[in-house]
Each structure stands twice: as structure tokens, then as C-alpha cells.
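Both complexes below contain subunit A, partnered by subunit B and then by subunit C.
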Partner chain A sequence: MDVLTDNLDDFAAGLWVTTRLVGAAFLVAVVLGTLVAALRVSESRPLRSVGGLYVETFRNVPLLVLLFITFPGLRRGGVDINAWTAGIIALGLYTSAYVAEVLRSGVAAVSQGQREAGLSLGFGQVAVLRRIVLPQAFRTVIGPLGSITIAMIKNSAIVGASIVALDDILKEARVVNSATFQTTEAFFWAAVCYLLLTLTATAAFRGLEARYAIRR
Partner chain B sequence: MRRKRPIVLLWLCVLALVLGACGGDDEEGGGGGGGGAAATPAAEVEQYPASTTMGKIQAKKQITIGVKYDVPPFGFKNPRSNAIEGFDIDFGKAVAAKLGVKPRFVEAISDNRIPFIMDGTVDLVLSTMTINPERAEEIGFTDPYFIAKGRILQKKGGGITGVEDLAGKKVCTVLGSTYEETLKEQAPDAELTLVDTYSECLESIQNGSVEAVSTDDVILTGMIIQDDSLELVKGEELTTEPYGGGFKKGDREFREFLNGVLDEYETSGAWAKAYQKWLGQYTGEKQEPPTETLSDALEAAA
Partner chain C sequence: MGYLFDPDNWEWVVTENNLGFLLEAFLINLQIAVIAMVLALAVGLVLALGAIARPAPVRLAAKAWVDVFRNIPLILLILYLALSQPQSVRDFWSDSAPGFLPDALRSEFILAGIGGLVLYNSAVLAEVFRAGILSLARGQREAAAALGLSYLQQMRHVVLPQGLRRMVPATVSQLITLNKDTTLVSIIAIQEVVRSGRVLAGTAGNPFTGSGVAAPILHVMIFVGLLFVIANYALSRLSRRLETRESRRIATVRTAPRVSEAPPA
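On to the complex of A and B.
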């Protein structure tokens, strides 16, 4: 317990950094994931291929490699990117591929009749997608989106451990460990901090599910 | 999923290329080879009682030593031969030769070397580790086998003239090293970037995401050897860092044995030879083997 109370500042600072990191990356992931999912279900074959290439790229490149590309890679290429932006972009892009795949399956679950009815009422392709299909798709995939969010919170530890070196929960736990040598306690409290975030996410998605989910 | 195929094929090609590039590395074999006489077991070596650490190592016929893989010129993987080389490695080979066993070098980064000693992953750590009282609570130390000095590295013309100029600047050092504390005390307003390895600090100063690196002068010298657009900040050193070998706390016989090997290493001229080979020829400076004992080092740090 001493390890936590003596280093409360460090753990709190780490928790705040991780919270901001995953919050921003979640926004990036949902916005980009939705756009890519729209490409993936579009009528046009080239657009579908672009979406497919995006998903396969960011799903198959390890997060650690993405971090190397977005931080030292871009900097060496002359882009003056800072650690925060690089971390958010890498984690957001990586997660967006999974969001896109889940949304695509949600779109597939919306019956074709809905789309046809929308089109025959005079909505355009984009409007049908935006106003009729995607809202229902989102409501179908709240559960899987929750899983992706939890995975992203845990993946965020890689951002602090990599060369991007943000002072997140895991980093602060390692700083505490190197000062106190209380390995078990330091990492136990790090796990508790991550649990705080993942359980909050779980509760939030449970709430959304109870309110909006469509059961078929 | 007909249209996915080209993408999968593309990735397979990339994978094949990457694997192909990696395949070439194994040719010359890993390990600490190339050490010549030091690595071959001598004909007559003293046999130690089986109950001692030395006896156990002799029974295993090899000593596992935790070293740095990325800190030239102390411990690094030679990119051409793949062998682990450096000042620490030469001393490790001398220890192994004294026991008549083969040295096995494993990578021990600053953050995991003390756990490695405590859980028995390694018998000995020789990885640019500074002797200090906090660590001496956890592990046993040999007498200092090298004295390094804390300095600051910057890009040439970076405008830093001393530790007080670090305020508000991004400074890289390694998590779990003594500089974490030193910098927090001497440059409280510096923005620390803590990474796992010194090679990440080198990358960070090269790509400009940090403005300075602070650690032992010898490690910084290693970075200048790799990139001569970097320079040491002149002026007073931040700290003196006596390096000691680390082993399980309380193993008195092993400590006496290691200190004996060190004494012989220093008096026989092997220390001076290793110094010239790994440091002297690059810095043009001369240094005598340390005469301090472990307790001197601990007192100075307290």
C-alpha cells in the first residue's frame, strides 16, 4: 500500500496521460473507422478496394512498427511531429482498422430492404448510409466496439514503452519500480489503474447497449 | 473475397523480402566468439568447492553474464560479425577463463538487470552499472572496475553550456539508470524523456525529438563514435559513476573471487589494454585502473 500512497502523484499523472491518449485515439479511430467502413460497403469497386487496402495495412502492421513510422520515421522525413501527436495517430489508425471491420459487419446485418426503401423514398446513396444504415449498424455492434476499446486501452501501454516514451501508467509504474525496487506492488497498482479505465469503458458500453442496442 | 487476394499476395511478398534480408545474419555465428585465448578454457584452472557459486558455474560449464547489447564501447553487438564485444565483455571473458568455463552473454537492459540477478537468470551482470547504496540493498557489487563521469551530449552548436541550460529542454536518458534521479535533482526544470535503451536516446537526439542526452561520458563517447555531428558539453561533470559487477546479494565467496580476478586483470596490464582498445584510441585520453574499493564508492555516493 505504501508504494501507492508514497507515489500517488506519479500514478495519477500516468493515469491522466493514458486517459487523454486513449480518449483522443478513440475519437480518431471512430471517425476514420466509420469513413473506411463506408468505403468498404460502397457501390463503387475502386472505393471498396481503397477501404480494403486501408484495413489490411493498419490491421497487419504491428502497433510498435506504426509507432516507429509515425515518430522517428516522420521526424527523419522532416515532419516536426511531437510525441503526443505521433502516439495518438498510431494508436488511432491501428484501432480504426478494427472499428471499420466491426462496422462493416454491422452494416451487413442491416436488412437490404431498409436500403431499398430509403432509395425508393428518394434518399441518395450517402444519405441512405448516413441516416438509415449506419445508425442501425452502430447499434448492432456496440458490444464488439466495447471489446475494441478495451483492447485499445491495453495497447496504449505500447506507446509509453516504445521510443515515443509518453509518461503513461506503465511508464510511471516503471519509474516507481526503479526508485523503490518494489516490482510486484508497482505493477499491481499499474494493473489497477488500467482496470479503472477498462471497467469504466465496460460500464459505458453496457449503458449504451442497454439503451440503444437492437436485438434481433 | 476474391478482391482481397492481391493485397494478401502483396503482404506475402513484403514478408518474404524481410525474412530474406534477416536470413543472412547468422553466418558467422553469435556468442562472444573472437576472444582468442581468453575464451578457451585454460589447461589448469582451480576447481572450487561444489557448494560455492564458482563450483556451481564450473559444474554447468558456463557462466551467464548480463551485458548491454547497445552501448558501445562497453557492450554491443558488432553488426558485421554479430558477436557481442566491448570493455565489459573482455572483463567477462577474463572471469570465465579464470573458472575454465565458457561465457554466455545475454542482454540485460538497465531496467531488468537487477531482477535478472535476483531471480538467477544471470550469474553476473557487467553492464555499465553504477554502484550506489540503493542498488547495494538489492544486489552484491564487486569493487569498481571503471570510473565514468556524468556528462551531457548535444548536437554540435546546440548552445547548452552546462546543466543549468537544460531547464525547459527535452533531455533523454534511460529508465532505471542513475541519471533519472541525477537529472531530477540537478535539472528539475528539464523535460525528461525516459526510454529503454541508449540507442533510443541516440535516435531521439538524431531525429531532434530531444535536445540533449545525459549519461556516462563513455556511453556518450560511443554515440559520438557513431555520429560525429554530436558533441560533449564542456565543463564540470554532473556525477562520478563507479561501475561495478553485480551478483546475488550476500554471496561473499563469489565477491572475493571476482575482486581477485579484477586485481589480476588490473595488475597484469589487461585492463590498460582493454581501455586503449575500446576507449583510448577514440578519445586520445589516458586513464589508470580504479583504485577505489566498493566501500569508497558507496561512501562517495551516500
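On to the complex of A and C.
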């Protein structure tokens, strides 16, 4: 217990860093994921293949490799990117592929008649997707989006553990560990911090689901 | 963009044995993945059976175990195991690891790496299996029980073959995740492909000592990423193949004339 109370500031700071990292990356992932899902359900074959290529690439690349590309990789190439941006982009890109896949299945679950009705009312393709199909698709995939978010909270530890200079929960645990040599306690409290985040996310998505979900 | 496509920056690929060095290291990732997969599948199955077992203590213990290890970041598990493993475990492995293993698999941290991968993935797979088993109609098991099969026989001959088959897609996608996660052991200094890539680029802590071209890390990592995309894409293709074959097989059974299956009156 001492390990926690003596280093409360460190753990709290780490928790806050992880929260911000996950929050920002979640936004990136949802925006990109929605765009890619739109590509994947479009009428045009080339656009569909571009979307497919995107998903297959970012779903199959290890996050650690992406992080090495976005941080030291781009910096060596003369791009002035900071640790935060690199971490958020890598985690966001990685997760966006999963979001795109989930949303695509959500779009498939919206009945074809909805789309046709929209088109016959004079909406364009994009407007139908944006105003009619996607809002319903989002509401069917709240559950899976929750699992993706939880996976993302856990994956955020990879960002802190690799070279990106972000002092997230895991990084703080390592700092506490090297200061106190209480390995088990330091990592136990770090695990509790992650659990706090995942449980909060679970509760939040349960709430959203109860309020907005369309059950099919 | 110029930097990315500049042929000078890709020169390391053909310099000396750099390519072989990376591919050999990628083989280590695949080996770690296979070992961890086999163990995680086995442990996951045991945990899943535990989570649906009749005795309440077994069930609760299995569920609690699964929930704990499923919710901890894998990298935290691996780091913890590596940092906390006693000297005796390290010595045991460096003394008794069979000589035919590659250096990376004789590393004193490999047990922590594989142990973490197995702990985490077996918990996730246990949930997948449990869902598959529970998705089976109760009647299947009751029918098996009515036929006089014991609990183990019911599981082995009736419940598991059907339940697990349904879960092939979810299992394969978890195995793909596991394959990607083998890169995490680079953080505990096991020489797999990410670490080898960093050695080529001279960012692995030690200065670049090779006589060839120091590789730009951007290009090395893009290449490493490509290796994973190819391997994992092949794996997901394979699973889709299995799925279509399976559904075709089931479809034939369903549409086959029932008369021939009817027992003689």
C-alpha cells in the first residue's frame, strides 16, 4: 500500500497521460475509421479496394512497428513530429482499421431500403451515408466499439513502453519500480490504474448502449 | 516523400547480409508465435471448460482468472514477468535450454516473454471458446447425456467439435493479434525482428558497428511492417478458406436427403 500512497502523484500523472492519449487517439480512430468505412461501402470499385488495402495494412502491422515509423522514423526523415503527435497518430491509425471493419458490418446491418428511400428522396450518395445510414450504423455497433476502446486502452501501454517519450501509467510504474524496487506492488497498482480506465469505458459504453443502441 | 523513395535509403536492403539478418529475426517472431499459440490454445481450452464447469468454486476461479489476465495490458504482464523473475529462473533457463534453439529463444527473458503471451492470450481465447460453447443449443448436450455419454465424452465428441468450429474466425483474429504481439518481447531485449531492425538502424542502444550502410529506421520499419502484413494476411486468408469450406460442408449435410440417414426401422 505504501508504494501507492508514496507515489500517488506519479500514478495520477500517468493515469492522466494515458487518458489523454487514449481520448485523442480515439477521435483520430473514429474519424479515420468512418472515412475508410465509407470508402469500403462505396459504389466505386477502386475506392473500395483503397479502403480494403488500408484496413488490411493497419490491422496487420504491429503497433510497435507503427510507433517506430511515426516517431524515430519520421524524425530521421526530417519531419518535426513530437512524441504526443506520433503516439496519437500511431495508436489512432492502428485502431482506425478496426473501427472501419466494425462500422462496415454496422452499415451492412442497415437495411437496403433505408438507403433506397434516401436516394429516392433526392439525397446524394454521400448525404445518404452521412445522414441516414451511418447514424444508424453507429447505433448498432456501440458494443463492438466499446471492445475496441478497451483494447485501445490496453494498447496505449505499448506507446509508453516503446521509445516515445510519454510518461503514461506503465512508464510511471517502471519509474516507481526503479526507485523502490517493489516490482510487484508497482506493477499491481499500474494494473489497477488500467482496470480503472477499462471499467470506466465499459460503464460508459453500457450507458450509451442502453440509451442509443438499435438491437437487431 | 523524396526521402522515403530515395534509392540510397533503400540500399541497406541489398547491403551485405542485412536482408538475411532481418528475415532470420522474423523467423524468431514466427517461432515464438507458434509456441505461444499452441500453449495459449491449450490453456485457453482448459480455462473455458473451467468457466462452464458445474462445481461453483472451479467456475468462479476460472472466470476470475480469465477476467484478470484479459484486462491487463500484455506489455505490462511481459515487463512485470521479466523484471520480477528470480535469478534462479534465469539461471535455470540459460543452463538448461536445449542447444538446438536459436540464441533468441535461449535468452534468459524468453520465459517471461512467452509466459506473458500465453497468460494474456489464453484468457482472451478462453472467452472466445466459452462463447462458442454457450452458443450451442442446450439440447445438444442433453441429447448426448441422454445417450449415456459421460461429461468428458459429451465435451469431446459433441460440444467441443461444434462449438469450437463456430469460433474459428474469432480464434484466428486473436492468433493474428498474438503474431503482432510477438514484437513486444523486443522491449525485454529478445533479439527478434523489431530489435534486429533497430540494430540495423543503430538505435538499439549500441552504436552501429556494422561495416555496411547504417539503415534509416523509417525504411527498416516499413519493411518489417510489410513482413507482418504478408504473414498475417496469409493467415486471415487461410481462415476464410477454412470457413467457406466448412460452411459448404455443413450446407451439403443439410441439403442431403434425410432418408439415407434415417436409422433402419
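Here is the rule we use: the second predicted complex is superposed on the first by the 215 of 216 C-alpha atoms of A that agree within 3 Å, B and C clash if a C-alpha of one lies under 4 Å from a C-alpha of the other, contacts with A are read in each partner's own complex, and residues count from 1 in each chain.
Everything that follows uses one rule, which is that a contact is a pair of C-beta atoms (placed from the backbone, for glycine too) under 8 Å apart; a residue touches a chain by one contact, two chains touch by 3 or more.
All values derive from a computational prediction rather than experimental measurement.
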Query raised in the report: Looking at subunit A, does subunit C or subunit B touch more of its residues?
Result: C
Query raised in the report: What is the contact status of A:K171 with respect to subunit B (first) and subunit C (second): first, second, both, or neither?
Result: first
Query raised in the report: Where does A:I69 make contact in the superposed view: on subunit B (first), on subunit C (second), on both, or on neither?
Result: second
**Report entry** Touching partner for A:N60 - first (subunit B), second (subunit C), both, neither
**Finding:** both
Query raised in the report: Is A:T183 contacted by the first partner subunit B, the second partner subunit C, both or neither?
Result: both
Query raised in the report: So, A:A161: does it touch subunit B (first), subunit C (second), both, or neither?
Result: both
Requested in this report: Could you tell me if A:Y194 is touching subunit B, subunit C, both of them or neither one (first, second, both, neither)?
Outcome: second
Report task. Answer with first, second, both or neither: which of subunit B and subunit C does A:L32 touch in the superposed model? Result -> neither
Requested in this report: Answer with first, second, both or neither: which of subunit B and subunit C does A:A83 touch in the superposed model?
Outcome: first
Requested in this report: Using the superposition on chain A described above, determine whether A:G52 touches subunit B (first), subunit C (second), both, or neither.
Outcome: first
Report task. Please write out, lowest number first, the residues of subunit A touched by both subunit B and subunit C across the two complexes. Result -> 56, 60, 72, 76, 161, 163, 174, 177, 183
**Report entry** Residue numbers on subunit A that touch subunit B, as the complex places them
**Finding:** 45, 48-49, 52-53, 56, 60, 71-72, 75-76, 80, 82-83, 161, 163, 165, 167, 171, 174-175, 177-179, 181, 183
Query raised in the report: What part of subunit A is in contact with subunit C in the complex they form?
Result: 56-57, 59-66, 68-69, 72-74, 76-78, 150, 153-158, 161-163, 170, 173-174, 177, 183-184, 187, 190-191, 194-195, 198
Query - subunit B - residues contacting subunit A, complex - result: 3-4, 7-8, 11, 111, 114-115, 134, 137-138, 175-176, 180-181, 193-196, 200, 203-204, 206-209
Query raised in the report: What residues on subunit C touch subunit A, complex-wise?
Result: 3-4, 71-76, 79-80, 83-84, 176, 180-181, 183-184, 186-187, 194, 197-198, 201, 203, 216-219, 221-222, 224-225, 228-229, 231-233, 236
